[in-house]
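Take a look at the structures listed below.
Same chain, two partners: chain A is paired with chain B first, then with chain C.
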Partner chain A sequence: MNSIQQQRQHWMSVLARAPSDLLYRLSDEAIKEIGFEIIRAPEIGLTQVRARMGNQGDRFNLGDMTLTRCVVRSEMDTLGYSYIAGRNQQHALRAAQLDALLQTPCMGEALQERVIKPIEAALEQARSAKQQETDETRVDFFTLVRGED
Partner chain B sequence: MTTAQLQQGFMEPVHDAQQAFRTLMKVMSEPGLLRTLNQADGIAPMSPAAVTTLLALLDQTTSLWLSRSLSTAAVCSNLSFHSGAPLIDDPAIADFAIAVPAELPELDRLRIGEPDYPDRSCTLLVQVEQLATEKNTAASTGLRLSGPGIPGQRTLYLSDPGASLLRYLVARPDPFPQGIDLILLAGDCVTAIPRTTQVEVI
Partner chain C sequence: MYVAVKGGEKAIQAAHELLARRRRGNPEQPEVAVAQIQDQLSLAVDRVMTEGSVYDPELAALAIKQSAGDLVEAIFLLRAYRTTLNRFYSSEPIDTDGMAIERRISATYKDLPGGQVLGPTFDYTHRLLDFTLLAEGNAEAELSEHATAERMEEVVARVSSLLEQEQLMVREEDSGAEPADITRDPPTYPADRSARLQALVRGDEGFLLALGYSTQRGYGRNHPFAGEIRIGEVGVSIIPEELGFEVDIGSIRVSECEMVNGFKRQADGDVKFTRGYGLGFGQCERKVMAMALVDRALQASEHDEEITSPAQQEEFVLSHCDNVEAAGFVSHLKLPHYVDFQSELELLRRIRAAESTPTEEEPS
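So, the complex of A and B:
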């Protein structure tokens, strides 16, 4: 897998997981003057989520989840795709628009700085806050033997 | 496949597909009736009616055969993108086949279903130049249709649909209920001649 593809996977993932209002706030300015052609209007559907027992065993069907997907073309002729969890069509549209722009040489760098990095920071912050909250209430069972010791 | 070729399919995927399907049901149940079908834009050289029909009927489980001049990169990439239908090279195993009159597949090779499952047949779509209810210079071939869904007789005029197709429609060589259903498309106009319809060339 090449690094361009990895980079794109990374930003698509960040855009998909971003809190909607933060995403709109950070990107309203950037997309304002750019024309987009809708190739596949945001549409809601179901997808099947599969998992592995203990993350390494046999695969099984965990369940269905709602998914919204969207494809647009920017006026710079790049195609932007988005697949997001849930039913927020506006979020899917915005994520697709940003995916299209992030692929352009002229705007990609700037958007990385102005949109992707702040969202990443916010996601990381939310994750570590949750982690901390969990750690605070962790119960250690001293009477039980854990692991090898 | 270059990105520049993709274009929008249905604006409102659910409603447009349902309306298109309803229209196709109408022309199938009343053969020879002309209806407008333009929920999707055409993809040159494919007409709006043809694109709309294909987007409404195809999905991942239905294979499509395209005749040579319709099988352009733009058409193929759009149909794959919007419908996910497998595009195949052999009309003999296709669920749907679309052609222009000059490039009709060998009609006796198309699937006609089995006696127990006549529905497992090929639906043939033919994109002609023009369809009309009155004879005119372009639509000069007249067909007199009769059978289920037609009160008495109905006449349909169209530009040349190809000699082999006319021979097939008049002779109906397949043992009923086996056979192929025909959808005729021109611009944003559609009509159908299912296997139950008797056809005479005027």
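So, the complex of A and C:
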């Protein structure tokens, strides 16, 4: 696996998890001057979710989840793909457009700073707030035999 | 046998309108929004997603609103919607080791690595009606601000792995087998465990709960301990062919139960604990516990146990656990059976007429 692919996997993940409103707000400006050709319009479908027995044994099918996918081509001739949990077509379109632009040398860097990093920070903040709520319910069961030995 | 009848269109139309009015209820009360159901009746949403077999909280909430809170009807609606969508991908297996844990408890070890985290649970509540909710008061207490110093490790070791390390529990091995998919190929018997688990996830919670309970009461006893229960978010990723690399599509919330069950002598001669597994969408702890109990009971033949009880009979369990199928077949009794019934009626009359005790004549 090369590092360019890793970077792309990273931003695709951030774009998939981004709160939609934040994604639009941060990227409206960046994409408005750019032309895109729709290769595959946002399309809603399912992904079969798989799990493992005991999380390590054979796989089994847990059920489906909704997924929206989209492919666009930017005027810089890069192809952008998106695969987003849920049914938000606008989100999928925007994520595909950004995936296309993030691959261009001229815009990639700036979009990392202006879109990807702020979304990451927001996701981290939400995660950390949730983690803290959870941590407050951590138990210490007192028992008669307790200690280092 | 039932027959088609014509007519009644106007009555049907009127019945649908009446249903819509009843669902809406008193127009002076504000209408409940799908987003409110999704947020405030989230456990109902989770059940509908699990048994409806589609993870999409908004759709499940819509189904609950449309069905006026009849969850089995809502599950039916979600299943029906599911059939209108194409399945694009199958995900890579989710990894519950990497779960962002909201709840994690064990009944087998009190001090276990990663600790016990209660999360949002009804356990330890007094089950007294809270009348402050009725008064629409703000019953919810603000979470106290003192943050605990200790933070949970990213990956929390599993109880089962502790037992496996000591060779005390049967290991789950990955044979690489392609999982069965009962949505494409109905199960055949004996069924693969992957087919059984898929059916149990979709299976009715009440039915599985009763079967799980029956094993505890002696009908297929398998001596369970709740080794570990986890609730939290896990990432889901796919490998789209056009890209050829793994892509994260977001997270889903799941509940997981690993049951540690009575030990058995294994083929290799060692005595080891056996295990049952439960997994479902959202927060569905009771369901995954029941599922794990039934999963273990259904392994009876793998463990050379005599099959004596309903929970151990896979054809019985798998062919009756789906509440959409069950509700459908029970409901079909409401369809016109007029001709069928007439022939029964005729037969009964002939039998009675043939019996030579004409004390009372059937009214015609």
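Just so we're on the same page, the second predicted complex is superposed on the first by the 142 of 149 C-alpha atoms of A that agree within 3 Å, B and C clash if a C-alpha of one lies under 4 Å from a C-alpha of the other, contacts with A are read in each partner's own complex, and residues count from 1 in each chain.
We take it that a contact is a pair of C-beta atoms (placed from the backbone, for glycine too) under 8 Å apart; a residue touches a chain by one contact, two chains touch by 3 or more.
Keep in mind it's a predicted model, so treat the numbers as computed, not measured.
A.B. asks: Clash or fit: chain B and chain C on chain A?
C.D. replies: Partners fit side by side after overlay.
A.B. asks: Quick one: name whichever of chain B and chain C touches more residues of chain A.
C.D. replies: C
A.B. asks: Would you sort A:41 into first (chain B), second (chain C), both or neither based on which partner it touches?
C.D. replies: Once the two structures are laid over each other on A, A:41 reaches chain B alone.
A.B. asks: In the superposed arrangement, which partner chain does A:85 touch: chain B (first), chain C (second), both, or neither?
C.D. replies: second
A.B. asks: Once both structures sit on top of one another, what is the angle chain B-chain A-chain C taken between CA centres, to the nearest 10 degrees?
C.D. replies: Angle at the centre of chain A: 80 degrees.
A.B. asks: Of the partners chain B and chain C, which touch A:129 in the superposed model: first, second, both, neither?
C.D. replies: Neither chain B nor chain C is touched by A:129.
A.B. asks: Report for A:59: first if it touches chain B alone, second if chain C alone, otherwise both or neither.
C.D. replies: The answer is second: A:59 touches chain C but not chain B.
A.B. asks: When the two structures are overlaid on chain A, which partner does A:121 contact: first (chain B), second (chain C), both, or neither?
C.D. replies: A:121 contacts neither chain B nor chain C.
A.B. asks: After the superposition on A, what does A:17 contact: first (chain B), second (chain C), both or neither?
C.D. replies: Only chain C is touched by A:17; chain B is not.
A.B. asks: For A:110, decide between first (touching chain B), second (touching chain C), both and neither.
C.D. replies: Neither partner.
A.B. asks: Please indicate which partner A:77 is in contact with in the superposed arrangement: first for chain B, second for chain C, both, or neither.
C.D. replies: In the superposition, A:77 contacts chain B only.
A.B. asks: Can you give the closest approach of chain B to chain C, taken over C-alpha atoms and in whole Å, for the superposition?
C.D. replies: Nearest C-alpha pair, chain B versus chain C: 7 Å apart.
A.B. asks: Check chain A for residues that touch chain B in one structure and chain C in the other, and list them.
C.D. replies: Of chain A, residues 71 contact chain B in one complex and chain C in the other.
A.B. asks: Using the touch definition from the top, list the residues of chain A that touch chain B in their complex.
C.D. replies: Within the complex, chain A contacts chain B at residues 37-41, 43, 71, 73, 77-79.
A.B. asks: Please output the residues of chain A touching chain C within their complex, sorted ascending.
C.D. replies: Its residues touching chain C are 1, 5, 9, 12-13, 16-17, 44-67, 69, 71, 81, 83-87, 127, 130-139, 141, 143, 146.
A.B. asks: Touching residues of chain C toward chain A in the complex: what are they?
C.D. replies: The touching residues are 49-50, 53-56, 58-59, 82, 85-97, 100-103, 110-111, 115-120, 143-144, 146-148, 150-152, 158, 160, 171-183, 193-195, 197-198, 201-202, 236, 238, 240, 242-243, 245-252, 254, 256, 258, 275, 277, 279-281.
A.B. asks: Under the touch definition given earlier, write down the residues of chain B that touch chain A in their complex.
C.D. replies: 3-4, 6-9, 11-13, 81-82
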